[in-house]
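Shared between the two complexes below is chain A, which has chain B as its partner in the first and chain C in the second.
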Partner chain A sequence: MPLLDIKNLTLEIDTALGWVKALDKINLSIDSKEVRALVGESGSGKSLIVKSIVGALPDRWRVTADRMNWKGRDLLSMSDTQRRNITRNEMSVVLQNPTTTLDPSATLGEQIGESIPDSMLDKGWFWQRRAQRHTIAMQQLHKVGIRNHELCLSSYPHQLPDDVCQKFAIAMALVSDPKLLIADNPTMGMETTTKIQVLRLLAKLNKTRGLSILFVSHDLLAISAMADTMTVLYCGQTVESGRMSQIKRRPLHPYTQALLDSAPSFRRDLPPKAALSCLEGTIPTLQHLPIGCRLGPRCPRAQKDCVKMPAVRRIHDHHYACHFPLHRDKP
Partner chain B sequence: MTPLLTVNNLTYCKKVRPWLGKKEIFRLAPVSFELKAGETMAIMGENGSGKSLLAKLLVGVERPSGGNILLNGEALSHSNKQQRFRAIRMIFQHSKESLNPALTLGSLLEEPLILNTDLDAPSRKKKIELTLTQVGMLPEHQYFYRHMLSEGQRQRVAVARALILNPQIIVADEPFAALDPSVRSQTVNLLMKLQRDLGLGFIFISHNLGIVRHISDRILVLADGNVVESGKTDVIFNWPKSEYTQRLIQAYQALITRDD
Partner chain C sequence: MLIYLGRRLNLLVITLLILCIASYILAFLVPGDPLINLSGNPSPSADQSAQLRLMYALDQGYVAGFWQYLKLTLAGNWGLSLTSQNPVFQDILQFLPASLELSFYAMLISLLVGLPLGIMAGLKHRKFADMGILSVSLMGFSVPVFWLALLLILIFALQWGMLPISGRLSLLYEVPHQSGFMLIDILLADISDKSAVLNDAIRHLVLPTLSLSIVTSALVIRLTRRSVINVMSSDYIKAAYAKGLSHAQVFWRHGMKNALLPIMPQLAMQFTVLLTNAMIIEVIFSWPGIGEWLIQAIYQRDFPAIRGGMLAVSSLVVIFTIAVDIIIRLIYPLSKRQFHAQV
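After this line comes the complex of A and B, so read on.
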């Protein structure tokens, strides 16, 4: 049984022009001990998916799903308290951009102390519990590779470099010993060497603790180094999902192909200074979404049928939603 | 043939004077390199290694404490600003923040023309329209404000602003870092096309080694203000000499090749 199983998740947002589907029939499932990548450009709804999984969306937005199960229990129909318990104890989120998500007015020591659940502490006097909190925080920081824990715990977020803050945010997410870690763009704007460190850390946690990771990013290099399976998102629609190696070797959807082509590192045969292949135009805004397949206007293979939403088709465990997939011309 | 840009022993020292004595905070050790027309040079290095500082010294934001910069064989002095500003232009990392929200793109692009050339209003307008079409936008875009544009278009405007004075060298500080993959390839293609057509010299700073390898001819590696290594892209990527470069390249190789 998958850890998290989402089928046909739809999120509607109330705008001045009426209800707009920001997410349209998203399918996503994460098995335990799996590293799944969620790839998409900005504005494709990656962060909205993360927020709807942990239930951090405003009440007036409509979230509907055929299935949204956490270990077989339906997340949407349970009460707020139950849901909060699950998100508190079993999932953790590392949000984008640690310098803005950490509280600027509290030291990092206070912040991580707050996120340690009481169940991890013995009963005792408050000073004993405080000492325990401190030891737990210290251990966590060592685990993620911050050596100078005293300095880190006593400083404010703005006093530390970005990569230390990012590692700290990961430590804070892992302190409650979750089953699933949702990392929203954890390597954004990092230089290669630091990026490698963070990726190694996540891979190690996945191996040793059996932590499942939902790795949300648009950095294909980092993803290909980390993930087992990948889900590609475009404008709030799942475009393709399957095993990383398979998708990388033979993408079926034109958008996935374009994404892979945009990273020159993957293509050793490319002569230097040759033009990169790319899609024309940019991502449409929420107010001007095309009907049917949302890639339609930018797609090089678009035909008349593309104004209808393509059904999800599958070959083994490789799912794709396209009328005219690559490598698979109609007989 | 004289190279387009020659940098001889360029140094920079930043000193702070606490109470007593002089404390040196940062120094850029003598940097020398040459750039030919139509060539791209990438500057690599970790944060705080002086990459952006070198870019600032080249465009003339900061004053170097020693050494000189030669453009086509003649020295650039700090007093002759117009000459430098016309020849060397800069593209910034965040195209959104670097454009003024209160001005239309037309007036934004007109400003460097007013300050640095003696064109009259109609010819300025013509020049703006020409530059906008050059970067793949419409002449009508001059009446737009920055918030009406998408991310890719903003980056194009930033390129247009750099191009409008017919520069010989463009210095770009992380121009692709904040862009999405598909928009990024568009910008990369645009810059390479402009370089081919106009014979521009490019100096660009980036973390993304994949793109560095793709578009640059030569690489300069900086660490703590010192030049660690410099040479042809091919050579640096395949046979890095210094330990520092090896670490950078290895980290990058570890990302693309995965043992499974």
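After this line comes the complex of A and C, so read on.
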């Protein structure tokens, strides 16, 4: 049974121009010990998926799903308390942009302290617990590569540089020893050495403790090294998902192809100084979605049939939504 | 921090200096002999006149004159009132506490009423409770203070006779002036039926305080509500929920502090608004405070008193504003990023 299993997740948000579907029939599942990459250009709704999973959306927005199960229990229909218990003990999230997701008026020490569940402390008097929390926090900070833990724990978010806040957010997510880590762009704005350190830490936790990771990133190189499976998102829809190796070798969806082509490090055959390929145009805004396949206007393979929304098709565990997939030209 | 303190103190001194300059200029602009306006002696003899001219250095140019005036002002010599011939400074010391007392209680009540209601409305954003609180506060907000005061008098004092119409204390009682704050004075005073006097003083306080605090409560509600709404929809509150904290934990640990701290300066500033409103209320309730005193002075063209009263009230407002700024700076970490004074 998958750890997290999402089927047909739809999110409607109210904008100035009325309700729009920011996420449309998203499918996503994460097995235990799996590292799943979630990729897509900015504005494709990656962060919205992350927020829907942990319930960090405004109350007004409408989240519906055929299934949104955590270990077989439906997250959407359970009570607030039950859901909080799961997010408290079993899954952790690093939201995008830690500078705004950290409380500006509390020290980082207080904030990481309240992420440590009581069950991790041994029995003791409450004054001893404070010291225990401090020790746990300190060790976790060392793991993500923050050496000056005293300064970090006693500082307010605005007193520290962004990349330290970013590392701190990762530490805070990992401190409760979760089953699943959802990381939204966790290495954004980090320099290469620290980035490698963080990625290595995540990989190690995945191997040794069986941590599952939903890894949201632009960094295809980091993703391809870490992830087992990948889900490609475009405009609030899942366009392709499957095993990383398979998608890398033979992407079926034109958008995935374009995404892979745009990453120079993926193309060994690229001659020096060659122009990088990219899709024409930009991602449409939610208010002006094209009818039919949302990639339509930008798609190099688009044909007349593409004005109809392509259904999700499946070859083994490889899913794609396209009328005219690559590498599968009809005989 | 030291630089910051230095800046604020600098601002304080300069603003006070400007106020002094303005009050000095006023003595020359208003009708009448500047000498009389400054000293408050309505018909000095030739001898006295020469002495006063020397004292105020009137013949040595404006700069020397102002310097002299500044020294006298700092020493507490603010001239005499033209009508009563009392020293202005002593008068102010006597009347100002009454106004402060009134404003202070009104502020207290506004906060006690406004903060909880504002928070409640903010947490129940767009729900029934929010709409209800908001519309009531809008009504309170749009009522003119003096009209409200008259209405309250009409209902509670005249119609129902529950509360006294005017004054600070029934004429039956005599409380020696010590701090100027009536309730404190009563508690300090060595009088026989203390509880009766206290009761009477409080009954006198009710109507003026109520009419003052309704408007301010409405303001406090609106400020608090907006701030709570903003904070509760912010990313870090969502993140706190995502950590698995309960509603109560999120609100008390992350929401409350962030919602209230940024509006503290605005809340504190309401005190100065209150003080000005209090002056109007004082006239209606014949409350022996600085407002009533100042209005009398204006009616009687008592320029030394007008000058002194304005200087006192404006200095008080400035000092209060800067003090609030410094206190907030001490307790609110985020404000440390702001280096320059804000108005």
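As a convention for this text, the second predicted complex is superposed on the first by the 320 of 331 C-alpha atoms of A that agree within 3 Å, B and C clash if a C-alpha of one lies under 4 Å from a C-alpha of the other, contacts with A are read in each partner's own complex, and residues count from 1 in each chain.
Just so we're on the same page, a contact is a pair of C-beta atoms (placed from the backbone, for glycine too) under 8 Å apart; a residue touches a chain by one contact, two chains touch by 3 or more.
Here the structure is a predicted model, which is why all the values come from computation and not from measurement.
Judged by the touch definition given at the top, the superposed model places A:Ala106 against chain C, while chain B stays out of reach. Once the two complexes are overlaid on the shared chain, A:Thr282 sits against chain B while remaining clear of chain C.
In the superposed model, A:Asn97 makes contact with chain C only, not with chain B. Shared-chain residue A:Ser115: touches chain C; no touch with chain B. Legend: residue contacts after superposition of the two complexes on their common chain; A:Glu191 is shown touching chain B, with no touch to chain C. Looking at the shared chain after the overlay, A:Gly72 reaches neither chain B nor chain C. Residue contacts after overlaying the shared chain place A:Gly18 against neither chain B nor chain C. For chain A in complex with chain B, the residues that touch the partner chain are 41-42, 161, 189-193, 195-196, 199, 218, 220-222, 224-225, 245, 258-259, 261-266, 270, 272-273, 275-280, 282-283.
The touching residues of chain A, counted against chain C in their complex, run 51, 54-58, 80-81, 84-89, 92-93, 95, 97, 100-106, 110, 114-115, 156, 158, 172. Those residues of chain C lying in contact with chain A across their complex are 233-236, 238-247, 249, 253-254, 257-258, 261, 332-334, 337. By the touch rule above, chain B contacts chain A in their complex via residues 46-47, 150-153, 177, 180-186, 188-189, 192-193, 207, 209-211, 213-215, 233, 247-248, 251-252, 254-256, 258, 260.
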